[in-house]
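Some notes on the structure that comes next.
For clarity, chains are labelled A, B, C, D, E and F in written order, and residue numbers in each chain start from 1.
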Amino acid sequence: MSVLASFLYDDLVRAALREDLGRAGDLTTDAIVPAALTREALVVARSDGRISGVGPALHAFHVLDHGVRAELLIDEGRDARAGDTIAIVRGHARALLTGERTALNFLGHLSGVATVTRGVVRALEGLPTRVVCTRKTTPGLRALEKQAVRAGGGSNHRFGLDDAVLIKDNHRAIAGSVTEAVARAKAAVGHMVKIEVEVDTLAELDEALAAGVDAVLLDNMDIPSLTRAVDLARGRALTEASGGITPVTARDVAATGVDMISIGWLTHSAPSLDVALDVAG
Amino acid sequence: MSVLASFLYDDLVRAALREDLGRAGDLTTDAIVPAALTREALVVARSDGRISGVGPALHAFHVLDHGVRAELLIDEGRDARAGDTIAIVRGHARALLTGERTALNFLGHLSGVATVTRGVVRALEGLPTRVVCTRKTTPGLRALEKQAVRAGGGSNHRFGLDDAVLIKDNHRAIAGSVTEAVARAKAAVGHMVKIEVEVDTLAELDEALAAGVDAVLLDNMDIPSLTRAVDLARGRALTEASGGITPVTARDVAATGVDMISIGWLTHSAPSLDVALDVAG
Amino acid sequence: MSVLASFLYDDLVRAALREDLGRAGDLTTDAIVPAALTREALVVARSDGRISGVGPALHAFHVLDHGVRAELLIDEGRDARAGDTIAIVRGHARALLTGERTALNFLGHLSGVATVTRGVVRALEGLPTRVVCTRKTTPGLRALEKQAVRAGGGSNHRFGLDDAVLIKDNHRAIAGSVTEAVARAKAAVGHMVKIEVEVDTLAELDEALAAGVDAVLLDNMDIPSLTRAVDLARGRALTEASGGITPVTARDVAATGVDMISIGWLTHSAPSLDVALDVAG
Amino acid sequence: MSVLASFLYDDLVRAALREDLGRAGDLTTDAIVPAALTREALVVARSDGRISGVGPALHAFHVLDHGVRAELLIDEGRDARAGDTIAIVRGHARALLTGERTALNFLGHLSGVATVTRGVVRALEGLPTRVVCTRKTTPGLRALEKQAVRAGGGSNHRFGLDDAVLIKDNHRAIAGSVTEAVARAKAAVGHMVKIEVEVDTLAELDEALAAGVDAVLLDNMDIPSLTRAVDLARGRALTEASGGITPVTARDVAATGVDMISIGWLTHSAPSLDVALDVAG
Amino acid sequence: MSVLASFLYDDLVRAALREDLGRAGDLTTDAIVPAALTREALVVARSDGRISGVGPALHAFHVLDHGVRAELLIDEGRDARAGDTIAIVRGHARALLTGERTALNFLGHLSGVATVTRGVVRALEGLPTRVVCTRKTTPGLRALEKQAVRAGGGSNHRFGLDDAVLIKDNHRAIAGSVTEAVARAKAAVGHMVKIEVEVDTLAELDEALAAGVDAVLLDNMDIPSLTRAVDLARGRALTEASGGITPVTARDVAATGVDMISIGWLTHSAPSLDVALDVAG
Amino acid sequence: MSVLASFLYDDLVRAALREDLGRAGDLTTDAIVPAALTREALVVARSDGRISGVGPALHAFHVLDHGVRAELLIDEGRDARAGDTIAIVRGHARALLTGERTALNFLGHLSGVATVTRGVVRALEGLPTRVVCTRKTTPGLRALEKQAVRAGGGSNHRFGLDDAVLIKDNHRAIAGSVTEAVARAKAAVGHMVKIEVEVDTLAELDEALAAGVDAVLLDNMDIPSLTRAVDLARGRALTEASGGITPVTARDVAATGVDMISIGWLTHSAPSLDVALDVAG
């Protein structure tokens, strides 16, 4: 996402704020904090991690109070150590306190995804294999989670059902064969759409390569099969290993020479990074 | 949530579907699967867990194809074993395949929250202490995650900033004292709003109890302090322990006699439950 | 509502403007008033009343023309006499004329609610009883009407069905008894949710108090019954008198010692306060 | 509005329901009322009045539970006596209880507008003068309030700024003269747009008639002036009396022969009609 | 539309940008263009035409980057020659490149409508007949296309079904006669609504004029019939010729003396004007 | 788009209906046509063409009246002759008359795009070259216009800025070279995203092919250059000819052997197909 990205997540941030403010707004803050009071607050990391989500996090304060000014110390995609200040935010104390939880929920969740991704990327250090996320994302947050994966050093698979073709078991079963499924897909989509096929066996891989596809998803194959699959596909299609890959097995899988390993838990099971807002006294 | 609940999550499910369908819809399915073809599909658990999110998950199919019929075998708040069928869905094959990922993303995420909550609730078996979630929820999903916590046997803290008062450090600092902060809150809110105060020390607890509040949040206290705090507050305010509680320490904290322990990671760091859709051949 | 409140009513103000502007905008103003012309206008009260709604009223001009500047002379919750200037607005004449009706519709309606509320509050002068509004509000305007009640010196009951429990006749009938209804409610809701029960007789009141509730709504009771009910409930639950209270009877009802009297007509039947926009020649 | 009208108010009804249900829905009903329970409920009038708003009122139940069936006994625009049943509604008890307040808020408010209008229309019985509403409507409810005026026997002025031209004092002052203002308007708008001019004096009326307009708004004129104005305008433009008309003065104003009298308080100050929902035991 | 017009098309421009940006934004520009880079770009005409749509076109850049500054050289409703610079835009290069296509799609389409309209208007030079558009507009763009017709020198018919009455064949057939249809319409609508009737024959025209209407739509009449119809209607109703009018026949039709000719293809079949964005190297 | 497609265009159809219905709905139909009256209507072609848009067209009636039933005689992507009935629609007469214009505006516009596309496709008969549309689409209608192009036998280029990379002059200028621009793009996007480069000269083509891209856009090249470019690119990248292609020149351009010719006027300048609704008497 670009510097223009707030256009893309503005609705999301507003929805999150509405979810927290409800009908009546922040009862506690409105009762206790004078309207004119201004403060400075630090957004800090409470554990080590890779930062993502600073855009929507800081935008939450901005939506509540256009006068809030933020200074970013640790940018999207950089590492923070526990105790580091990620950003300094200045503005009305009410805006800082009311926006705090929404901002941190974005930052903590997305930095969590980036941090988990960073871990796998580091595990593959020295290998050319890319770490790729899936469509197993949190409803509503896909674009931001995809960005978090990139912030963690990973790469993105397709963003949705409409930007690339991925032929899975069920499609193949309905079409009758890989060959037929690929033929139907090629006839239907434009020249700027890539086609990938999920294969479970080397025989299916042969058929997919013969049909001419851009990539093959090697699903739940053991290491020897992956090795042979990579060999078969070399120069003919990109290879993606998927299914049951764990932090422990990732490097062995990558060592087979697959171009990518794709991992659902980067986005659907990453624990949140601990971040906090410290309002100056 | 009631049987009427689809009104509350309809927008969310549609947004999630739009996020996946983009502009052009499911390129793969539309190319390969005939429009008139119907199928039956099983929603299955691939690991053990507590189920939550069946409402929005099944609603995803319904939005795409009003003719889809679903039979629910394992209801919201019940346990599934790996291999169990949670629901059977029948309708157009296109609707089943196109809605699959959106449905599973809801079901997996929310069952993950329910399963984590169930784990903590079980750890406290025999104790009267309630397990409570926080506002550290995924942006956009708060109501569903709160429901998932209940499905896991937990209880909900406030839903947002507008349905209860929770006076935290920053509010107290700005007001000057707990006494003053509570007084301002009482003057501002109606008679149906509860007031809770976060306290770090027993002195602050004394002040809060003297001010007259409904509950006190005992933040990051060690076990002996918690024990004394519970003693002081008995009959005067509900007690809630919070801060740094882990699966390992939860039972010890609860054994101090606190009415509740509140845990952010129930909602912000629960790994997704592994669920899948098996389309009959 | 806080200084950040425009976030909460921005959508509402835009919807009201769209309702007035339709597809083609202000035909008259666009035809007659040059685009570059600027003017100053006074928002004036044409009768005495308590002011509420200055936020959304002035926001209407701001939405049409970000350059409009407003100076507020009589703030939310203060009294105006007929002829008083409430605010001075400066900007493009088109924005002032096009936004006039929308701004005044908000200001007149909400000041009407505040003024009616002020009347009842004054009638109770010297008594500790609070004047409380209900959920009998104009569709779409609840939060603003609740704020207007506060501006009039009143207090708010719950904002919706989700921030507190109020067990009414129908709930009790379905549950079988007050005791059972309260038990079900306590088991279902979190610790930050208050529970009130509507009772029609002293026997029901006894049952409600025994079940342990935060407040009792004494529905349509005569003065002697109210007096006895207040006596019974003292120290055990807050008491709220409701049903058929008129400006004439309000003080007598309050004199029974009830903590609150709740009145639907504060919000659903308040006549608009007469306000106008005078554009300088 | 037609039988298809639910398309026009569907969004409004949903917004009103969301306003009441908040994030968590109806805590009380969901806790106490079993999901499968069905009931019959009567929508009853508690005072005499003209009914309006049955469409959105009954739609509220339908949105919550598509299975709700309603039988309408007193249709839009007909009179109800205190005690009359307006409609019978059958469906899930949860839908009836949860939708009750939203439905009644629409019905009570709009029937209030219709009832006030009916009162003025009756006061003019035997005279050809039409009773007309203004744009002084409740934000968000204009189309429904305009319909309520028609249900009360009144007639509608323009719906917004874009469907007709009404040249007021400020427009005239900016244009320099009535003649110039009318000329600008005629040059700018299409042939299907009517033009009305507000005049304060007979001299201005002369100028307006000479300029050629469809109607003249006679603002705050006394009875003799109105009589002369009607005489001058006969056969050349419709005449509308406006400003400070009360229930007491309405007939005298109408007796001057004006074609219409327009009254802001029909919509902005009508007290709600008392309506209720009785759920069968 | 006024200087305040961006309020009216803001939603439309955002929807168009979302349509182009999808989930992930401008992949190409974000990959290649540094975030901080600024540029100047010229919006140029590549063929001769009448300009319309500069408002929404320039607003597209503004939405993406509030810092973009635009200088308008050829205003709405003025002519451009091939090669002319319509506007100069300065801001972040990313905003210019990402917003380019959306801006040009608005400008090209609307200038196309204005240019086609200008052509017909010129063909009628010297005649008093107005050129009028219809409701045959592109879904979602009606208000802008109506404005483009005005920019081309044309005039607008009604904007929708709710701002004027147009009785067509089907209405007449259902009512039984023109007389009955007009009577029903007059009874139903307010005094600020004009009524037009479509007539196919002179007999129907007689009936319509007798019923008293504001305008008659003479549908698919040949030149002699039109001439007689104009004669009959003179001083009693405006005359509008419609149906099968081509650039070749327009002048002959207008020469019959009709007040207006209405043409659907002004809005539904105008080719886009060729416009481009030249970013300075 | 699939049978599930109404999910994708439902919002668009509703917006178009709101645009036509305004605040008050169809004044004419509501005044004249009884609410209970039902009718049958034929959707007919008044000139020859390729049909597209039947989905949204028929959906317009369905949104207004869920009881409307439609029978489709000429499906999406089939040819109609003048006079052919495309569909038969039965339901409330009000729904048919009120929805008529919205339905026809979709059907006429999209069939116009399909018909123009069909014309170019036929001109290339016997050649393997695909006819491709661009992003020069009507704001808000891109997905439907892309579908119309497919209905006309054409193929789609990318749907937006986020589903493929297209490096244009401005990107290349900012990057410094084609090589650098391609390198940046490859580093930034995932493996399922195709990359195309616009080239103006054979030298640039060489550089693009060396950089390794999926497709090259040969912009405004003459026939000899195109022939050489196709030769150079054979087996290395798909070739797309673009710029100034007319119905007259299309076949010559295709005969050079380019894989695709892309044409903006398929979507931005197609005249509407003449379609009508005939309501049975």
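Everything that follows uses one rule, which is that contacts are C-beta pairs under 8 Å (C-beta built on N, C-alpha and C of every residue); 3 or more make two chains touch, one makes a residue touch a chain.
As the structure is a prediction and not an experimental result, all values here were calculated from the model.
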| item | value |
| --- | --- |
| Partner chains that chain B and chain E have in common | A, C, D, F |
| Joint neighbours of chain F and chain A, given as chain labels | B, C, D, E |
| Label of the chain whose CA centroid is most distant from the centroid of chain E | B |
| Duplicate of the A-F contact set - from B-E, B-C or C-E, the pair where over half of the pairs recur | B-C |
| Approximate Å spacing (C-alpha centroids) for the pair chain A, chain C | 44 |
| CA centroid of chain D to CA centroid of chain E, Å | 32 |
| Distance from chain D to chain A - Cα centre to Cα centre, in angstrom | 51 |
| For chain B, residues that touch 2 or more chains besides their own | 19, 21-26, 29-30, 98, 142-143, 156, 159-160, 162-164, 189, 193 |
| Touch-based graph of the chains, sorted into line, ring, star, complete or other | complete |
| Residues of chain D defined as touching chain E within the complex | 130, 132, 155-159, 162-164, 189-194, 196, 214-215, 238, 240, 259-260 |
| Chain D contact footprint on chain B (complex, rising order) | 1-5, 7-8, 142-143, 146, 156, 159-160, 163 |
| Chain E partner contacts - residues on chain B that touch it in the complex | 19, 22-23 |
| Chain F - residues contacting chain D, complex | 14, 17, 21-26, 29-30, 35-36, 63-65, 92, 94-95, 98 |
| Residue ranges of chain C touching chain D (in the complex, touch as defined) | 12-13, 15-16, 19-34, 37, 56, 93, 97-98, 101-102, 104-106, 108-109, 112, 135-143, 159-168, 170-171, 173-175, 181, 184-185, 187-189, 193, 264-265, 268-269, 271-272, 279, 281 |
